[in-house]
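Presented sequentially are two complexes of chain A, the first with chain B as partner and the second with chain C.
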Partner chain A sequence: MVILAQLINGLATGGLYALVAAGIAMIFGVSELVNWAHGEFLMIASYLFFALYVLARLPYPIAGLCTMLLMLAFGALFQMIVIRPVVHRPWQTQLVATLGASIFLINSAIVVFGTFPRRAATPLSMQNLTIGSLSISYQRLLLIGLTLFAFFVLHMFIHRAKLGKAMRAVSQNRDACVAVGIDIQLIVLTAFAIGGSLVGLAAALYAPLGNITPLMGIPLTFKAFAVVIMGGFGSVNGAVASAVILGVVEAFTIQFLSSAYVDAMSFLMMLTVLVWRPFGLFGRQVGI
Partner chain B sequence: MRWHRLVVWLLIAAVLALWPLYVGSPYLVGVSITVLIYIALALSFDLVVGRTGLLSFAHPGFFGIGAYTAALLGLHLGSPFPLRLGAAVVTAVLASIIIGVPSFRLSYHSFAMGTLGFAFIAQIIALNWIPVTRGPLCLPGVPPVDLRMGSWTWSATTLSENYYVVLILATITLWIVVRVAHSRIGRTLMAIRDDETLAKAVGVPVLRYKMLAFVTGAGVAGSLGSFFASYASAVCPTELGIAYSVNLIIILFLGGRGTLAGPILGAILFTGLPEFLRMAEAWRLVVYGLLIILASALVPEGIITWAFEMWQKRREGPQLGSAPLAN
Partner chain C sequence: MFRRVMWLALATILPAVASIGYLHNSQAAGPIKIGLDVPSSGSDAFEGTHIARGVQLALEEQNKEGGIGGRQLETALGDNQCDPSVGVNSARYLVNVAQADVMIGSACSSVTLAVMPIIQQAQVPELDVTATSPKITQQSGVGGNIWKFRLNLNDEMMDAVFAQKVLAKDVKSLSILAVNTDYGRDAAGIFQRNLPGIKVLSTDYYTQGQPDFRALLTKVKALNPEGLLLISDYPDAAQIINQGHEVGLTGVKLFGRGSVATNDLLKLLPDPSWAQGAKEVNFWVPGPTARSLANRYQARFNEPLNRDAGMGYFGAETLIAAMKDIKGDITRKSIRDALERVNVTISGLGHVQFDDHHQAHYPMYILQIWNGMVRILETIPT
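Showing the complex of A and B:
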């Protein structure tokens, strides 16, 4: 029973990692740019959700949906303001630009909300489903269910919609896409908007389960990034699969080893994978 | 022209030597020590980032490892400072070899992430290995910088004495960096940064040179860590934190990578100035964040490089075609 409960907890955490990592992988796929502020997207989204749900007292589904839509806009704006001026610069400059954005977002949150942790508990997060000795919060089940649904929608979009097909084309051959007249900037903008809305969904689902603090995004960026590297750079499916594996491994680490070293797990896993398969678990061997 | 340069260097040396007497206030001397630590750290970091093109996040980790080594030796064995410094350099170098071997299998973003992973793990160990590091309680009571020769002993107890010690360390760092930069090694590193494939093609053992830069930087960072442990008289897990990495990256990218003046100017601007202006931490970082975004869009090679280009353009006068000719 303990094992089953931890498996479900791990899947829920893995779902959160997957939603963040999918955005990073998708953005990297179309623009070869790593968004080091992606964890801060989640932090901003969590505060947005807090403002809408706790302060403005909107009903939970509406607050969640609004968070997603606002984050979609936020992702697009972020691309226009921060990313567009550095698109043609070397990768170090791009990395530093997103790092600067992350510092800006964290400290703006500190200035506005303070460092005191906020909570946005929902009725679902306070009730548990109990079967025998197994007890799981409904919120985690909702998280797992809606994350699966979101990835189904994303999969359909990438494979069926014209814009989604263009995104896949850009990640395969950028120059050819320019030649046939695909607007690369629009594709990158779309990737940021989708990444933003996925993170918005993650915040609406996960914020009720934990504390909202200005620094909550930092470990998430690193873990999501580790997961993206494990999955093979730019491969969304690989990132999602590795995210779920990491979530489960972390849950079992807390249960059977120690909660102190749980944050080191992601890096140990990443390094093991990289030494064994430098191009990731699911990646092709490409120079990146 | 040689005497001309000598006079300038002597003047700079005199100003730096008399600086603590001039500013007087202990607070400002303390700030100057911090600035000098950052200058030396940034110069050694630039050896890796600016001259090899590798974005490493492990650098503050080596600083922290040096600090912990020196603190433990000083606390438990009462070793004199030169021994602590030597031990700090050796452990930092060993750590950099252990970290470097797997990390150099990675490229670009993955290298950045891999080194960051090591820095993260180092901090988690420092926080949780209670019997040795005392975790978040820190290691207090590290003995000050001292020299012993027979019955003669000297220890740096005042701020000014610490200032002179770190001034010497920073000068040695500058000397090492200048020596490396103007040698065959430095030129090879630049070649690797500018075109790794080409460097490989002409027979440069790329990995060995990258490792050399990485290990040298780590050794310097370790030695600075040993000083910091004595100066602050305590070592905490936060010394291994990402905040240091972020500060160093800001200093290099805004000051100017691959130059000598860039890291120095960056360190003065971004550690000294906010202290003198006494801004609140959160607001200061909000401004920093904005400045980084702006700088990466407008002056991606750093302020120094940009200023130098501007100065050169002005000296050469208007270019043909760039300005309409009279008549």
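Showing the complex of A and C:
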């Protein structure tokens, strides 16, 4: 039963990593730009959810949906304000721009919401499904279920929708896409908007399960980057698969080794994958 | 000719000497600068923010009374982010750029230990009000860093007493969850050495601010301990209690060392009964003796007084008491000397006097969460 409980813990943690990492991977795939502020997207989304659900007292599904839509707009706005001016600049400029945005967002949250953590518990997060000694909140079951559904929708969008196909094309051959008239700016904007809405979903599902703080995005950013590198930079499928693997490995490391080795194990795993497959598990240089 | 040269030399030198004297006096008449070496961002920002507010209130009250020797008191903020590498730079800023006369901080044990060589080199006194690692006391005062002082009690003083007076009576087996910092590791070590008759089933360390404790708590649940000791501050402790409830870790007796049995923790629990009975040892709590301070703090900042704000206030009061005792110029050296002599009773805290290792001694508190409130079970002299 402990093994099953840890497997569920790992899947839930992996699901959260995946929702953050998929956005990073998608953005890199189409723009070859690393968004170091992506973890702060989750933080902003969590505060938005807190404002809508706790302060404005909207029903949970509506607050969650509004968070996703607002984050979709936030992602697009972020691309226009922060990314567009540096998109043709060297990677160092892009790094400073996104890191600077990350620091700005963290400090803005401290100014607006203060340093005291916020909670946005839902009825689902307070009630548990108990089978024998296994206990899991309905909120976490929802997180696992909706994460799977979101990635199914994302997969269908990327492989079936015209815009999704264009995104894949841009990630594979940017110059050819320009030649056939694909609007690269629109594709990059779409990637940021989808990345934003995915963390909006992550916030609506995860914020009820933990503290909302200005720094909550930082540990997730590092884990998400490990996941993205393991999966193959730019590969959404790779990021999702790696996230789930990492979440499960972390849970079993805590159970059978020690919690002190969790981070070491995560990055050891990343290094092992890179030695074995230098371009990651889903191995191309770029491509979603 | 010689006489003319002499007059000319005197005419040049005298105004220069006079102006140096004037400049020195005008500098001495300027404000006394207190460097706030605390985290105002980062994982412990909640702690630094409250310490800074407590200090601010004490300084505002003293400034209304005319300051000290006609000089106003002002603060300079150095945000150490509770990160030793950042803390070293913010301390250098406070001593070299802001020219702090004295510092309060560093709040986090790991930063304090990293900053101690800097204050020693710059010869700036610093008073800690919340960091609890015993290493700080061991390395301060006689035979060590004579510029470092600590007002709050340390883990060596509190944990052994708590282990023998409370844990040994309440449980036969225990799991320990501690934050992975100098404070967490040192406190866990002290508890492990002072738990005769109690079986320690596991000791695990976590990263401060980590979002998910469920895997850790599932492991603890499988061990079935009678008690769970959290060496944590309230944001992490609240996460652990909430997520512990989710994985079915109920019925286990909760103990704390950090800021577990606090009103701040209760605000973060959906149901306060999840922490019912939790006991903790702490170096201060806003009790009945601090009611006047609590009212003034509430009026000034529109929030209730908590431990960190109270300790910030008492730290500033201790510095003020020391500086009032200085006969000549108030300098870094004279403040340090005055802190060594300080012998004062601070309302709401107790009698403050630093020992050879620059550690103050006043009573510690055994606290308990009971029916959604924090109550004082016992006050123990140190």
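Some observations on this one:
FYI, the second predicted complex is superposed on the first by the 279 of 288 C-alpha atoms of A that agree within 3 Å, B and C clash if a C-alpha of one lies under 4 Å from a C-alpha of the other, contacts with A are read in each partner's own complex, and residues count from 1 in each chain.
Assume contacts are C-beta pairs under 8 Å (C-beta built on N, C-alpha and C of every residue); 3 or more make two chains touch, one makes a residue touch a chain.
From a predicted model like this one, the values you see are computed outputs, not experimental measurements.
The superposed arrangement places chain B and chain C in clashing positions on chain A.
In the superposition on chain A, A:Ile136 makes contact with chain C only, while chain B stays out of contact range. Of the two partner chains, chain C is the only one touched by A:Asn211; chain B is not. In the superposition on chain A, A:Ala260 makes contact with both chain B and chain C. In the superposition on chain A, contact of A:Phe225 is made with chain B only, not with chain C. When the two complexes are overlaid on their common chain A, residue A:Arg89 makes contact with chain B while staying clear of chain C. Applying the stated contact rule after C-alpha superposition, one finds that A:Asn107 touches each of chain B and chain C.
Of the two partner chains, chain C is the only one touched by A:Pro117; chain B is not. In the overlay built on the shared chain, the residue A:Leu99 is in contact with chain B alone; chain C does not reach it. In the overlay built on chain A, none of the stretches 21-29, 93-101 or 111-119 of chain B clash with chain C except 21-29.
Overlap of the chain B and chain C interfaces on chain A: residues 106-107, 110, 218, 260, 263. In the complex of the two chains, the chain B residues touching chain A come out as 53, 55, 102, 105-110, 112-114, 116-118, 120-121, 124-125, 127-128, 242, 246, 249-250, 253, 282-283, 285-286, 288-293, 295-297, 300. The touching residues of chain A, when paired with chain B in their complex, are 34, 81-82, 85-86, 89-97, 99-108, 110-111, 218, 222, 225-226, 229, 233, 260-261, 263-264, 267-268, 270-271, 274-275, 278, 287-288. Against chain A, the residues of chain C that register as touching in their complex are 40-43, 45-46, 49, 180, 204-207, 209-212, 214-216, 218-219, 221-222, 235, 238-239, 242-243, 245-248, 264, 267-268, 270-271. Partner chain C is touched in their complex by these residues of chain A: 2, 5-6, 9-10, 12-13, 16, 106-107, 110, 114-117, 119, 121, 125-126, 128, 130, 133-137, 140, 206, 209-211, 213-216, 218-220, 250-251, 254-255, 258-260, 263.
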